[in-house]
Amino acid sequence: MPWRDRERASKAARAPLALLALALALAAVMLAASASGAVEIPLRALPGLLWGAPAGSAAQGGADALWRNVLIDIRLPRVAFAAVAGAALAVSGAAMQALFRNPLAEPGLIGISAGGALGAVSAIVLTSGGFWVLAPAAFAGSLLATFCAYVLGRRVPGVAGLLLAGIAINAVAGSMIGLFTFIANDAQLRDLTFWSMGSLAGANWKLLAFLAPWVLAMSWWLMRQWRVMNALLLGEREAQHLGYALKRVRARLVLACALIVGPLVAATGGIGFVGLVVPHLVRMTLGANHRWLLPACVIGGALALTLADWLSRVAVVPAELPIGLVTSLVGGPFFLWLLARGRRRF
Amino acid sequence: MLAAENLTLARGGARILDGVSLRLAPGEVVGLLGANGAGKSTLLAVLANELEPDAGAVVLDGEPLSKVAHRRQARRRAVLPQKPGLSFDLDVREVVGMGAYPFPELSPAQVERLVDDALARADVAHLKWRRYPELSGGEQQRVQFARVLVQCAAGRADGEPRYLLLDEPTASLDPRHQTDLLRVAAALAHGDGAGVLVILHDMNLAARWCDRLLLLAQGRQVAAGAPAEVLRPAHLRQAYGIEAHVIAHPLQAGRLLVLTD
Amino acid sequence: MKTWMAIALGWAMAACAHAASPERVVTLGGSVTEIVYRLGQEKKLVGDDLSSLYPEAATKLPRVGYYRAVPVEGVLALKPDLVLASEQAGPPEALKRLGEVGVRVVTLSDQPSVESLMDRIHGVAEALDAQAEGERLAASVAQDLERAEALPATRARAVLLVNRTGTPQGAGAGTAANEVLRLAGLENALAGQQGYKPVSAEAMGALAPDIIVITQTSLQATGGMEALLRLPGIASTPAAARRRVVVMDDLLILGMGPRLPQALTELKQEAARAMAR
């Protein structure tokens, strides 16, 4: 039947087309976000700045050199960082939702964020050190917390164990953070608050050179797990009947998420809701097939966080809104709306 | 051959399986009967490598089941659960396509062919592009059946034995589809040479479609063998606690009909 | 001939110095901003941070955010040629980046001590090319401090309370409050504690301070004078019994800025009045 063939063709092509559209939107947003910010750089000057010959410092070259510095040293790495971080958060959120078979899941459930926060807090309070002490401490904290949650969680079968252990780890980390908060002095307290609101301001090319390939590689690995994540939708028993060794799968997924989110928590602080909301939005439009869901989350997450960062940079010039604040302000009400709609679609 | 020898399994002090043996050979349909709690699902779970027996051995084509890797087991044996999975937003086509996951070497075209074939056999071809959560319970059950059909047929070399375990597959189906499903299962066994194990509550369906039966009560074997040997009033009384009459089926040659009070 | 050259050289240097005088200044840190105003250089200010709350005119300027999380592009948007940063400002990478982009960044001492205050005054004056005003301000502050110190001190035991989060906290060692109490001739009963900590009812009773010093906003946050005097621990102190509570403006008493002599004078007078009750 001709209409059926058309329906078939349109459905099959829908997902790849959507991915293409998302990718184009991402490119457009990244371009626009690079072109706008606190410092006004006229559009016509952009191509020259990007591809023109390098000039001296601002003192010598005037406005032109300043624009180049702002564009290449501050804004471009920041936009790239936002995209990379958004992709990582969204794809790991999708993986957690598949593993826990729960649309409310995100990496924070298993202690990644709490561990990272604890590492950062202890670094701030015990050493008052800068970024290069804070970041490794946060990363170590997130890995340690996830490891603890995983090892403890094995005592109870299925993901229930992981979930319970994650709750316990979150509670323990939370109370230890409270302890550190108590002994912190004023300046440290304020640093803590700001760290927890999240920030992409630490972006520079050196950081990106390591973070971007890492995130992309881990995301690539996660995307290749689309079959087992689909199988998990049927249930853990059924996934096993389809040939997947659940214990190994669980360990690998948890490890991948910890490795992808850990450095991010270290570099950015707490950025919430992206891992929760982006997979939902994608699922609502493209369905739950992870073959398309995962790549769409990578692109969609990059898009969402780039937009949020753009907003944070231009909303209250010359100040900047903490990015975690922006994502919560948008993500929070959206999340409530999702709950109000009910679990009609997963 | 998928065989279980002398299985014993206890949970919380109660013996769920007590010295039960079962042999499933390629090319036959074996029916598993018994009252609720008799141990049928547990036996199937052991054969599906979901549970480890406390005593006894399970062998798959000559190898101890626990030694065979998960992936290899999935390439030999498919399991259809009692209740379909929870709602998730996939197409029917995508759900059925999951049967090919243990065979990642297949091309998308090959998988598509297998899917279409299975959809036709399960009589759900017209639902191919529908969303799984939108279907009725019976339709979802048939879609899951199509999935395990794919798993049974995928990448199959000539003469390679495949096993299909069905846990009360007829539970949410109407009478016509009950018969259709079992007809397909029987064709799979007799035509394609698969070994099919099916748990049934309806003794007449068992009598009609199964080559051999195993009747369980309280974790122990009451009777095993051809339907004529197993479906006897004494056995049925012991297993179900009912009074039954077994007569030759008036319409199907060589088959039995069980009548209950 | 040599005199001629000397004069010419002097003129040239003066001209250069004048050419280098900053016109667009961003301050990071309330303690720095206040000094800029006291030096009369506020016309050069194009932006400050969230902690710059005094004088009130400072709150009307464009604000770049919190001084320990300075956004580089935000500061650059104000096109500054000088950034005066408290040593507490950060993150260090951001300040470094500003320097790399060609903005002059001057870091100023910002510790709770009189020496730091003097250093800060001189540093700001130097950076703003207003050395004369700087000397004058430093001298006047020093003179006022002497006068304040000469006032009779009560030598009473005191605690300074701050309420920012809902629970009152007491100031221990290492805080500006501690320094102010000491300079005002009061004995900080909480000197054994480090930093700000919530007041423990039992400890407060044991410490038995004669005077309670509290900031205006903290008193409001606690619910007013009666609520404060009823707090467990506080209620049993000699200070509460005789209603010896001194209320002072937050920025004045905790800022440790050029108004320090004024703060000390007021504190000493209030303390004396309280002890007389």
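So that you can tell them apart, the chains are marked A, B and C in the order they are listed, and the count of residues begins at 1 in each.
In this section, contacts are C-beta pairs under 8 Å (C-beta built on N, C-alpha and C of every residue); 3 or more make two chains touch, one makes a residue touch a chain.
Bear in mind that the values here come from a model prediction, so they are computed numbers and not experimental data.
Student: How short can a path of touching chains from subunit A to subunit B be, counted in steps?
Tutor: Between subunit A and subunit B, the shortest chain-hopping route counts 1.
Student: Greatest Cα-centroid separation from subunit C: which chain?
Tutor: Centroid comparison gives B as the farthest chain from subunit C.
Student: Go ahead and note the Å separation of the Cα centroids belonging to subunit A and subunit B.
Tutor: Computed from C-alpha means, the inter-chain centre distance equals 44 Å.
Student: What whole-Å value do you get for the distance between subunit B and subunit C if each is reduced to the mean of its CA atoms?
Tutor: Their C-alpha centroids are separated by 81 Å.
Student: Using CA atom averages as chain centres, what separation in Å is found between subunit A and subunit C?
Tutor: Using C-alpha averages as centres, the distance is 40 Å.
Student: Name, in rising order, each residue of subunit C that touches subunit A in their complex.
Tutor: Per the touch definition, subunit C meets subunit A at residues 47, 50, 62-66, 68-69, 71-78, 88, 90-94, 97, 100-103, 174-175, 194-197.
Student: Residue numbers of subunit B touching subunit A in their complex, please.
Tutor: 48-50, 69-75, 78-79, 81, 85-91, 94-95, 98-99, 101-102, 104, 128-129, 131, 133, 151
Student: For the complex, which residues does subunit A have touching subunit B?
Tutor: Listed in rising order, the residues are 4, 7-8, 11, 101, 227-228, 230-231, 233-235, 237-238, 240-245, 283, 287-289, 345-346.
Student: Would you mind writing out the residues of subunit A in touch with subunit C in their complex?
Tutor: 37-40, 57-59, 65-66, 69-70, 73-75, 130-131, 182, 185-187, 190-191, 194, 199, 201-202, 204, 313, 317-320, 322
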